Each structure stands twice: as C-alpha cells, then as structure tokens.
Amino acid sequence: MFTLLVALLIFSVVNYFISKASWRVGSIINALIGSYLIFQVFTIPKGTEVTIGKFLGETLALQWTNAGFYFSFVSLLVIVAVMFFAIKWLDSQKHPAAFNMFILMVTAGSLGVFMAKDLITLYIFWEIAVLSSMLIIPMGKKESRKAAVVYAVMSAVGTYMFLYGAFMIYSRYGTFSMPEIAKNLANDPSTSFKVAVVLLIAAAGIAKSGIFPLHTWLRIAHGNAPDAFSAVLSGQLVKLGSYVLMISVAVFPSLKIFANLKLYSGVPAPNYFLIALGAASIIIGTLMAIKQDDMKMLIAYSSVANGGYILVGIGTMDPLGFEGGVLHVFNHALAAAVIFMAFASVVYRTHTKKISELGGLIHKMPITYIAYLFAIISLAGIPPMSGFISKWMIYQALVRKGMFITAAIAFFGSIGSFLYVFRPLAGVFLGQLPRKYKDVKEVPPIMWIPMLVLVAISFVMGVWPFPILQPIENMRADFGIAPSFKIADAQNWLVRGFSGSWNPVIVFNLFITGFIVAYILYTLFPKPKKVDLLKPHKEEGAPINIYTSGEFIYTPELYHYNTKFYAGFERMYEKHPSWEKLLYMLAKFFHDVGEWIHGWFFRPSPSAYTFWLAMTILIIFWVRW
Amino acid sequence: MVFWISAILIGIGVYGLLTQKNLFKQLISLSIIDTAVNIFIIAVGYVDNGKAPIYSKAVPKFMEGAFVDPLPQALVLTAIVIGVGVLALGASLLVKVKEKHSSIDVENMKGVGE
Amino acid sequence: MRRFYAILIAAALVYMLISFISTVPSYGKADLKERVSDAFLSKSVNAQNTKAWMEGKAIHRQPAKEIYGKKVKEEGSANVVTSIVVNYRSFDTLGEVTVLFTAALGVGLILGGSRRKQYGREANFVLKTSTGILVPLIIMFGAYIFVHGHLTPGGGFPGGTIIAMASLLLYLSDEKFFLSKASTGALEGSMGGTYVIIGLLGLAIGGYFLYNFLPNGVVGNLVSAGIVPLVYVAIGLKVGAELSGLVTDLHSEKEG
Amino acid sequence: MMNYLIILAGAMMIIAAVFAVEAKKILDAVIAMSVVSLVSVFLFIAMRAPDVAITEASVGAGLVTAVFLVSLFKMKGGDEQ
Amino acid sequence: MMVLLIVLPLIFAFLAAIKKSFSYPLLVTSTVVNVIIVLLLKTSVPSVHVLGGWKPPFGINLVLDDASYYAVLIANIVFFLVALFKETVGKYSTVLMVMLAAVNGFVLTGDLFNSFVFLEILTATGVILASKRENYYNAFKYLVLGSLAGSMYLLATIFTYTQVGSLNMAHASYFAISEKAIVVITILYLVGLGVEAKLFPLNGWVSGVYGGNDLSPLVMATAVSFAALYMMGRLFLTVFGGYALHILYVLALITIVAGELAALYQKNLLKTLAYSSIAQAGIVLAAISKSTEKMVSLAYFHLTNDVIAKFVLFLVATFLVYNYKNLNGVFKKHKVLGTAFTISSMSLIGFPLFAGFQSKLRMLMEMFKTSDYLFPAVLLFATVIELTYLVRWNVKLWFEDIEDESEVKGPALRATISIILAILLVGIFLAPNIILNPTTKVAKALLDSTSYINNVIASSMGGM
C-alpha cells in the first residue's frame, strides 16, 4: 500500500512533465491510473498492515480496514469520474499540467488518510491532500485566489486542533496508533481529558466537512474553484472530514468512552454536541443555499447541509443512524460530483455560473440535464435514487432515539433541499434560453459519460443497495455498534429499520409504475405549444422579448424569473446574522492587531525603539529584582 | 559617586533618545551614553590611592594596591574607538537621510512611508 | 507630556542602574587580587595555574617584583594598559581596528564622493599660515604618541587620530586640498595587513595567533616589548590613514 | 579635595549633557557634547587612566566633534526650526 | 587553525582596501577558503585556540566545539552562497568580508568582551549593508538600536567582570555568581543580545533592514541571525547555566505572536518575510529557553530549516521586488524560482514533505512530553497565521493575472541555487538526521558547561 502511495506521489510529479509536453496525454494517463486504483482497492486484503517507518520514535503504519476501503472506493469513484471528465474539460483551463499533477496528489493524499493507522500518518497525508487541493483552487477565476486562502486557513484551524489533540493523546498514552488509543481512551478515568481530546480530533473533521462554525469556506472555495474540481472538493475532499468525524466518534468508541456521560437516550454528551453542530449546519446550509444565485455556491451550501446529515447520522452511534450517515457519504459524494460536473459542463459552454443569466439549456444540453435531474433527485432524498435510503435510515435513528428536534430539523432540511435543488433546475435548464446561448451545444461524450455513469451507479444502488450496504455493515461490525443488528438483508430484499423495513425493489417498481402512468397521461393530454420569443427581436440583440407596460427594459436580468426566485421565503430571514461576517471580523481583528503591533513596535522612530528597550529592561528588572 | 554620575548621564542620554525628534540629537544622546558607560567602566577599576598602571622610575615595582585596574582601561580604549566608528557611520547616514528625506526631524521627514 | 514620561522612564532607568551598582565593589575599593589584572600588572600570567586560579584565585608571584628597568621574560611594555591592549588582549584590538576600518569603509560607501566638495569659502590667512607650520608638528606629535605607546600613555589610536587631525586642518584651510582615496586606502590596507601578518607570523612561529615572537628587552626602553611597538606603529598609521580617509569622505561629494 | 572636584566635574557634565540634549540649535548641542567628553577626560585623569584620557581627548572629544561638525556643515545646519 | 576563519577574511578585506577592483574576487576567494577551512576543521573538534599564547582566563581564547562548529559551518556556507551573486554584492564585498570575519569571531570567541567587539562589528557592517539602495533611515534606526544594545552588552560584560574577575566565558560559567549580580547580568545581556536575536519588542529594526534592499536580508536573516541565536544559547545555557530562561520563554512567545500578526498585516513581500523571520526567531528562542537537550537540539534544527528556507525566500523575493513593479503572477514567468519559493514557504509553514514539518512536529511532540501546553498552542496558532500570509503570497505570485508585462531574463544562478536549497529542504524531510545529528551535538555542547570549562582549562595546561 505504501509503495502505491509513494508511487502515486512520485508519478504526480512525473505527470507534470508529461502534461507539460501534452496535457491531454497526462490527463488520459491520470484517468487510467484512477481506474486501476479502483480495481486495486478491491484486491487489497482487509487487515493488511504496512509499516512506513519510524518517526519521532513512533512507528508509522498503514492499515487497510473496512472503513478505509469504503471511503477509498467512494473517493475514487468521484475522482476517476472527474479525471475522465477533465480529459476534455481541461482545455478551458490555464494550468492543465499543474491540475493533472495536483489531482493525482490529492488522490494519493486522500487514500493515505483512509489507509492511515495512526494519527500522525493521517495528519501527513491529510496535509498532502490539503496542500495539493489548495494549489488547485486558485486556478479558477479571480475570486478563487481569496478562496484558496480561506480554504487553507479554515482547514489549518481544524488540522492544528487535530494535531493538538493528537499530541495530547500521545503525551498521555505514548502512542499514535488509533486502535491503541481507542483502547486507552475507553479505560481512561479523566472525563474532561477525553471530551477535550475527542472534540479536538473532531475539529479537523468539522473544518473539513464544513460543519457549522467552520463552514464558511465551502461557499467561497466550492464556488470559485475550477469547475470540475468543485466536484472533487464537494464529492471527495469534504468526505475526508466525515472520515475524521467518524474516527472521533466511532473508531474511538464514544459509547464506551463516555459511558458515564450519556446525555439523552443513550447518546453521549460530546456526540450530542456534534449532532447539534450538524443540525445547525443543516439549517444554515439549507437556508443559505436557497438564497444563492450562483449555482455553485448553492450546491456548496447544500454540501454544508449534507455534511450535517452525515454528522447527525454518525453522531447518534445508533446502528441505523451510523449506517445512514455513512451511506449518505456515498450518496452525497455521487450526487454532488454529478451536479458540479453538470455545472462545469454548463460553464464550459456558457462561461457563466449565475443562474439568473442562464435558462432553457434543456434543449441544448439534454444529457447534462438528465444527469443533473437524477442527481438532484438523489440529493433531495427522493426514491428511487439511493439518496433516499440514507436519509430514511437517519430519520429512523433520530425518531427511535427520540431526538425530535433534530429530526424536525432534518425534515426541514429535506424540504429545503427540494427548494434549492429546484432553483438551478428551473433557472438553468428550464425556462427561456437567453439569446446569446442559442448556439450552445451539448458537451462532448467524454464529459457526459462520467456523469451518467455516476448517476447510473446511484440509481442502481437506490434499487439494489445491498452491495454498498454490505461494506458499511462490516464497518459497523468493526466498530461494534450493536453488531447483532442486521440492516442489509439481501435475501429478503429488505433494508431493515426499527419501525418497519424498506424494500427498495418494490418501491422502485411502484415508482416505475407511477412514471409509466404519468407518461401515458402526458402523451394523452395535449402538448404545450412552443413560442419563439426571440423572433421579433432577432436583429436588435440583447434584451429578450419582454415589455412592461410599454417601457423598455434595460436590465433584463432583473426580470429573469429566477431573480429573487424564492424572494418571499428569503424575506423571512433577510436580516439573519451572518457567521461568515463574524469570521471575517475575527480575521480583521487579527489583521488590526497586526497593524497595531506594527504601528507601535516596528514602524516608529528610534525614540520608540529606545522606549521599548527601556521598558523591557524596566519590566524585567521589576519582575526579577 | 562616579557611578552615580555615569548612571545619571545614561539616564540623560536615554531621555534624549526618548524625547528628541531630531535624529542628530539622538546621535548626540548616543554619544553621551557611550561616554557615561566608559566612565562607569573606568570607575569599576579604580583603586583608592592607586597609580596609573605605568611602570616608570617612580614606580618600578609591582605592589598590591599600587595601581588601578588596567584591564577596564584597556576595554574602554577599545570601546571609545568603537563608539567613534559607530557615531561616524551614523553621522554619514544622517547626511544622506537629510539628502533623501529633506529633513532629519522625525516629524518632517518626507517619503518615510510604512 | 512626552517629556514627563521620558523623565519618568529615564529616572526609573537611573534608579535601576543605581540599584545594580550595589553588586559592584564600591568606588575605589576594587580588589585587584580577585581579578585577572593582578597577573597583568605583575606580568606573571605564565606563572599562573588556570585551574587553581579559577578555583581560588591563587596568584603566584613575588610580592614586590622589580619590573621597571629589568628584563621581564613575559611581557616588556612599561605601560600595562598597552601591554593589555596590544599583547594580552591584542585580538580585541584587531577587532577594534576592524570597527574603525568598517566605519571608514561605510562612510565611504554611504557618502560615496569622489570629488572635493567646494563650500566657496576662503579660509582666513591666519588659519592658512598656521596650518602650514602646525601640520608637520602635529604629525610628528602623533607619531611620537604611537611610537611611545608602550612606554607612556597614548598609543596607536590617539596617535592616528592626531595625524588625522592634521589632514582635517588641511581640509579646513585649503579649498583645493584633496587626499586621493587610493593613497589612504593603500596605507590603511597595507597597515591592517601588517597587523594581521604580524599575528600570522606569531601563529607560524609560536603556534598562537598574535604570539609575541620578538624578544622583550628591558622594560622602559624604546626598543622593547617585542611586537608591541610594531603593532602600535601599524595601528597608528592605519588609524591615521583611515580617519584621514573618513575626513576626506566627509569633505567630498558625488561627481556631477 | 579630589572628591569635590569630581562632584564639580560630574555636575558640569550633567549640566552639559542636559544642555546637549535640550539645546535648540544642533551646533550648541554638539559643542555641549564635546564639553561632556572633555570633562570626562578630567574624570579619567582623576581615576588614573591617562591612556583613556588621551584617547578620549583626541578621539572622543576631538574627532567625534569634528566629524559631527563637518557632517552638520554638510547638511547645512541640520534642520533647525 | 580556527583563527584563520576570522583572520583570513580580515586580511583579504584589508587587501581589498588597497585595490578596490580586487575586492569581489577576494570576497569569493575568502569565502571559498573559509568553507574549505571549516570542512578541514571537522577533525579538530573540540579544540581551543589561545590567542597570543596567553592562557584562558587571562588572554582571549577561541573555542571550537560542536556547537560553535555547526554555527560557523552554516555561517560560512551562507556567505559563500551570497558571494556568488556578483550583482547583488556590488560594492559591498569588502563589507561582507569584514562581516564574515565578525560572524566567525562572534561565534568562536570564548571571551565576553571580545564577543562585544565582534557584536559591534556585526552591527556596523549590518548598518552598512542595510544602507544599500538608499535605505538610510532604516539603517540609522538599526544603528541607534544596535549601539544602544551594544552599550547594554558592554555594561553586562563589565558587571560580569566585577563579579568574576575575568572576562572569560568558561570562567564565568565556572564561577558561582551571586544571586543578585546574576540578575543584573542576565537582564543586561538579554536586552543587549535580544536586539540582534530579534526578541520582541527590541526588533523594530528588522523590517526596515530586511525589507530595505536586496543584500542585507540574504546575510542578516540567515548567517547573522544564526550567530545571534547561537550566542543566545551559548550565553544563557552554557555561561549562565539556565538563568533567566523563563523570562526568555515569555518574551519569545510574545515574539512569535507579534511577529506573525505583524506579518499578516504587512503588504510588502520583503517585510512580510522579515516579520516571519522574527516569529521564527521567537520559536527558536522559546525552544532554547526550555533548556532540555532535545528541545535545544530541535531549536537549532528548526533554525537551520528556517535559515535555508529564508535564504531561498529572500533570494527569490529580492529578485522579484527589485525587477518587477507589480508582482502579480510573476511566477508564471519564473517557474523554477516560483517552485523554490513555494517549497520554502511550505517548509516554513510545516507542511509534510518539507523540512519544517520535521522540526515543528518534533518540537510539538517534545513539548507535550514535558507537558508544556502553552507553547504548542502558541506555535500552532502562529502556524495558522503564518499559513495565511504565506499562502496569500504564493497564490498572488502564482495565480494572479499578470499586470507587469515586462520580462526580466531568468536568473540562472539564482534559480539553480534556490532550487537546490529547496530540494535540500525536501531531503531534510526524508532524512532529518543529517541535520538532527549535528544539532543534537550542538545541544549537548551548549548544555554541558562542565566539558566546556574543562576544554578551556585543558588548553591552558599545554601553554607556555
């Protein structure tokens, strides 16, 4: 395994030079490597352990676990899809060679994270993934420069809290190895230490998967990163955070560790805290996503909300909740990846990501539309796509635990997700086609095939979820979360819950029936007529054929029906407090302190220097004499 | 007592550095501090009724307490010269500061941004 | 207000220094037996045992050793300060020379003139004539000071400075007078080189840098104290040249 | 006797130093500074340090004052209000 | 032999005064010769050179032990690398030679007053270097602060003399200085050396000097900084045996935060790096102040990484700042320089794959082992801020749209050296022991004052 990672890292640099010669060759090689990796993750036997070497007197090691396999597989699905997508998409980019190099590094880093057996190995690969993704983000448009910095800083805040926690653990137990830590933590008498450590470790996950106090980077980073890379960011890198969150509550068995801290229906207090954060993320993510006009930022906020779902699910440490959360990782990864790739296709053709500037692309880009449609169905959690199953499991767990507020929030998020995923659908694909896009074509097959493949996987898993549920079952058994309870029951075609079971095949059949009925009705009813609104104004150009009581419209985009799409709803929380502003204020605060220090200590005249020298002497004198 | 003189002189020099906005005055304050430190060092080596540490016909023999401590004097010799070097450097810098910023008063200097 | 605070701070500093002084032996009560100077004065460094001295500061010497007019094996200058400056702690002096060298160099680099600055002011007659008479005398006096550095107070630095004063006088009295950088630089460099080479000779002959490889002679004689007078002459000339160069730099301006 | 002289010298130095620091004209300040140096020469002699005294007189008092004056001259009065 | 390290550059400098046009070749020669001498000296560690044959507490001695050897090695290599840049060095080659001598002397000397003399030479040469490119006011500020600090250093030396009776470091270390006096001495030394070691709030000069021209940061931020921080360790660990270290610790922590925050605010590339240099010095000082062998070793390990990284950063930054009006996206034109810059800044932050990771992580771990939770917190907080501004600069230099269309010819030598050093940083990550082994020896030598004293005493036995 280690050789694989090192080879990937080295080859990423080699690939830079290959790509310098011909970036297309480089990206094809990338895609092939990725495909090989997917094959590879299936061949590694579970439980394989590889020692990397000694660092600081501690052995660093990799371990191939069920969890690692699951997360690696999901990550690779997304990455490989993007890699194929990029073969064509890259010709709209300025730095294709660097993109090829860094995306391979991201792959290596993420795989390393999932393979890591101890916290330091995890940290090292984590930083590799962060570093390389941080260098891809600024390749986008102007704003993306700032996005990279925000991303790096937020990520660093979480990462260094993680590191602090890791070292606190080390100073107490003298080990970084996760199984050992889990054992030690379970027997540790000091509650405050355990709480502090677990939350510090979780901080990295919170920052990375965009959970509430550190969620703000998602909007700016997802929104401004190179379009296809947003798919990796949202579909894959964010899942690194979920993985770390899973470590902090499941690998370190929180039920055992906090056995005396059970707060409410068997959920330990720290988990409860995390669940609260997840719930907050769901609310914020949903509400903010509804407002966005920029389609990428919209889905970025939706990632916040979905990250919240995952955390809520995992945090319950309930068999159904845990599996639901973990399965949601898969669902959201695929859906978000497809959505971002669809957007990347749109941007590739139209060069804008403002919903209000688009419209009617369904006729020009039907395949992209189909992919997007199915992805949002999955994202919103509607059967028969796989997204439903995970949400269903999470609801089940919440209801069973009696966490009705959280459950209500989750339902609210689900309804909100209908609202926000519909906005791009209506604004981008439906409605009128702006005149300037009348020559837009569908993207080439190499770009839409990966999308369709992912959609198909999601679809199949919605109908027959057992192949993906089985590894999750294994994971749950590893972590010992009610191992006797069996959820995926492939023999009976059932996904078992506490209050009833779910037979995806039947549901699928029902849906198909419904769909067929609807289609028949659709063909029976008279068809809508098409009016070419552009016709009368063909010569005059820009303004679309819209008049308001005889006045000519100078700013047609204000009359695009997607402008203020949910204005009524948005007005309800117009003056909401902005967390993002608060964080910026914090950044501004440090900046101002810097200015103050600069102004007082570093800039001034020799007199001031003398003053500080004298003061230093005097203070030390006063302290010491 | 000589110690007091040198301490007060150092204080005056520091006061000068603190209050004076004219860079030349600051250089002068530095020079005062230098002198004060030198006086202090010599005072450290002074022995009551000791002679200057030079053998001559009058004092041909070594005797305890006959001479003041020669080592501080040697150090001060070095320190004085070092002080001069630094001050000369400072003065020449000030000539250029005046040329470039058209003033050597901290408050009137032009083009000292940041 | 600024002044008030400044006075406060300065007063606090003075208070601090005065309270520091309590750790120093009171004025005039310095005990040389506690210090290395005792060995310098009695010229008995070689007789000391380092370890014993460091442990108990045990000085090995005859209480009233005759020094003036005698041959002292260890060190031969009558002026003990000189013996410290140029022999016992000669390395400091090399550093000191370097500081001055650096300063002269720096002034040259910073001011960077290559032409005599004209103030358009004619010096008066008295100054002009007296300069003509005084300059040779001043130079001779300076030379005397550094040549007798090991016997009488003074030495290379004041001697060199006095020589530089002569050139300053020349600059003041004559608008046209200009020492070329090449000449002062050459003297300065070669004299500095001489000092280092004397040191290196010591390294070659005695195994120690700045080792006194010449006989010491009789304390009090002009030709005595081994390398001390040589070094002082070199220093004197070097300092004279250096400071003259510095004065030249101050009186020069950029071309054009 | 010597003590009184030293006190006198010290007082002179302090007064001169204050004057050097507070003088309006820089020329005055430089002169006062050289007075400080010159009086310190007396102190050095009083403390039996003739070597230092000579060096201070020539280098400290003489050369520094000369350098300061020349550079002051060069920057034409050195910025007096 | 070791005295040649000081004397040869000096004699070359004097020779350069005779004929100005020889000064650059002489500089190159002296640095090359010095590096060779340093490498040859490896076999004679530890040894003591007694100048003039006057035995230690009386005369001056130079001490070459593991610690000073390492410092001298770094300093001489840095000077050698700087000397390669003919255009940058310009008229300042003689000054550099003197500075080289001063750095070597400052590091090697075993005498307090002697170190004061070399400190003053360092200040004077530093001022001259700082005045390059008409950076006069900042140079003047440095001069005032430097000579004030020099006065403090001298006072401290004299106080030591009155207590100990000699100026010898070994003797001072051996001597049991009275409780009251050591407070005085350490306060004054802390302030006197703190200016050079960039201790807050005595480091106001740094940004002006490092940020003012293209030569001074290359030397001052690396070799001189190393020498000053070495001396800090030597004085406070070896000579005064761990006195006043908690004051140093507190001040160092403040230094870290203040430096990083000031760097965050700063808009000028060179000054940003200057402040970052302050913060790194703070980290090193804080680690030194822990005075355990591991921490001190890591302090100098970190310092080495910082010196390498800063050298590259300043090498690249000075080239950019003085050749382009607008820095947006310049690395698109200078890919190699850009790569080196990025690698160095990542190393500074402490990303894995680069040397800084090794030192920072080890330091953290060591701190946790000794259950000091404050320093790691400060260090990690500082790292976040450091990451902010370094990433900001990297992104700006790589990705912003080019505004300055002019293109300066790629500087081959600069690119080569910077990329080699950057690769060295990666190498240190892979094999940290190439630096850690010597720095462990450094730490041992600094902390083991007994053997330091014994070395010096032993040198007097063989004397005349």
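Order of writing sets the labels: A, B, C, D and E. Residues in every chain begin at 1.
Please note the rule applied: contacts are C-beta pairs under 8 Å (C-beta built on N, C-alpha and C of every residue); 3 or more make two chains touch, one makes a residue touch a chain.
From a predicted model like this one, the values you see are computed outputs, not experimental measurements.
The minimum number of touch steps linking chain B to chain E comes to 1. Number of steps on the shortest path from chain B to chain D, with steps defined by chain touch: 1. Averaging the CA coordinates per chain and comparing them to the mean over all protein CA atoms picks out E as nearest.
Comparing the chain pairs A-B and B-C, the larger number of C-beta pairs in contact belongs to B-C.
Remark: chain A and chain C have CA centroids separated by 74 Å (rounded to whole angstrom).
Centre-to-centre spacing of chain A and chain D amounts to 74 Å, using the average Cα coordinate of each chain. Note on chain placement: the centre of chain C and the centre of chain E lie 30 Å apart, centres being C-alpha means.
Put simply, the C-alpha centre of chain A and that of chain E have 44 angstrom between them. In chain C, the residues that touch at least two other chains are 9-10, 13, 24-25, 30, 35-36, 40, 79, 81, 89, 92, 95-96, 99, 102-103, 106, 110, 153, 155, 157, 246, 250. Among the residues of chain D, those touching two or more other chains are numbered 49-52, 55, 59, 63, 67, 71, 74.
Counting only residues that touch two or more partner chains, chain A has 603, 605-606, 610-611, 614-615, 617, 621, 625. Working note: touching chain pairs come out as A-B, A-C, A-E, B-C, B-D, B-E, C-D, C-E.
On chain B, the positions that touch chain C within their shared complex are 1-4, 7-8, 10-12, 14-15, 18-19, 43-48, 52-57, 59-65, 67-71, 73-75, 77-78, 80-82, 84-86, 88-89, 92-93, 95-96. Within the complex formed with chain A, the residues of chain B that make contact are 14, 17-21, 23, 26, 106, 114. Only residues 140-141, 144-145, 148-149, 152, 183, 187-188, 190-191, 194-195, 200-207, 244, 247, 251, 258, 261-266, 275, 346, 351-353, 357, 361-362, 364-365, 367-369, 371, 373, 376-377, 380-381, 383-385, 387-388, 391-392, 395-396, 398-401 of chain E touch chain A when the two sit together in their complex. Put simply, chain A touches chain C in their complex at residues 611, 614-615, 617-618, 621, 625.
Those residues of chain D that touch chain C in the complex are listed here as 49-55, 57-59, 62-63, 66-67, 70-71, 73-74.
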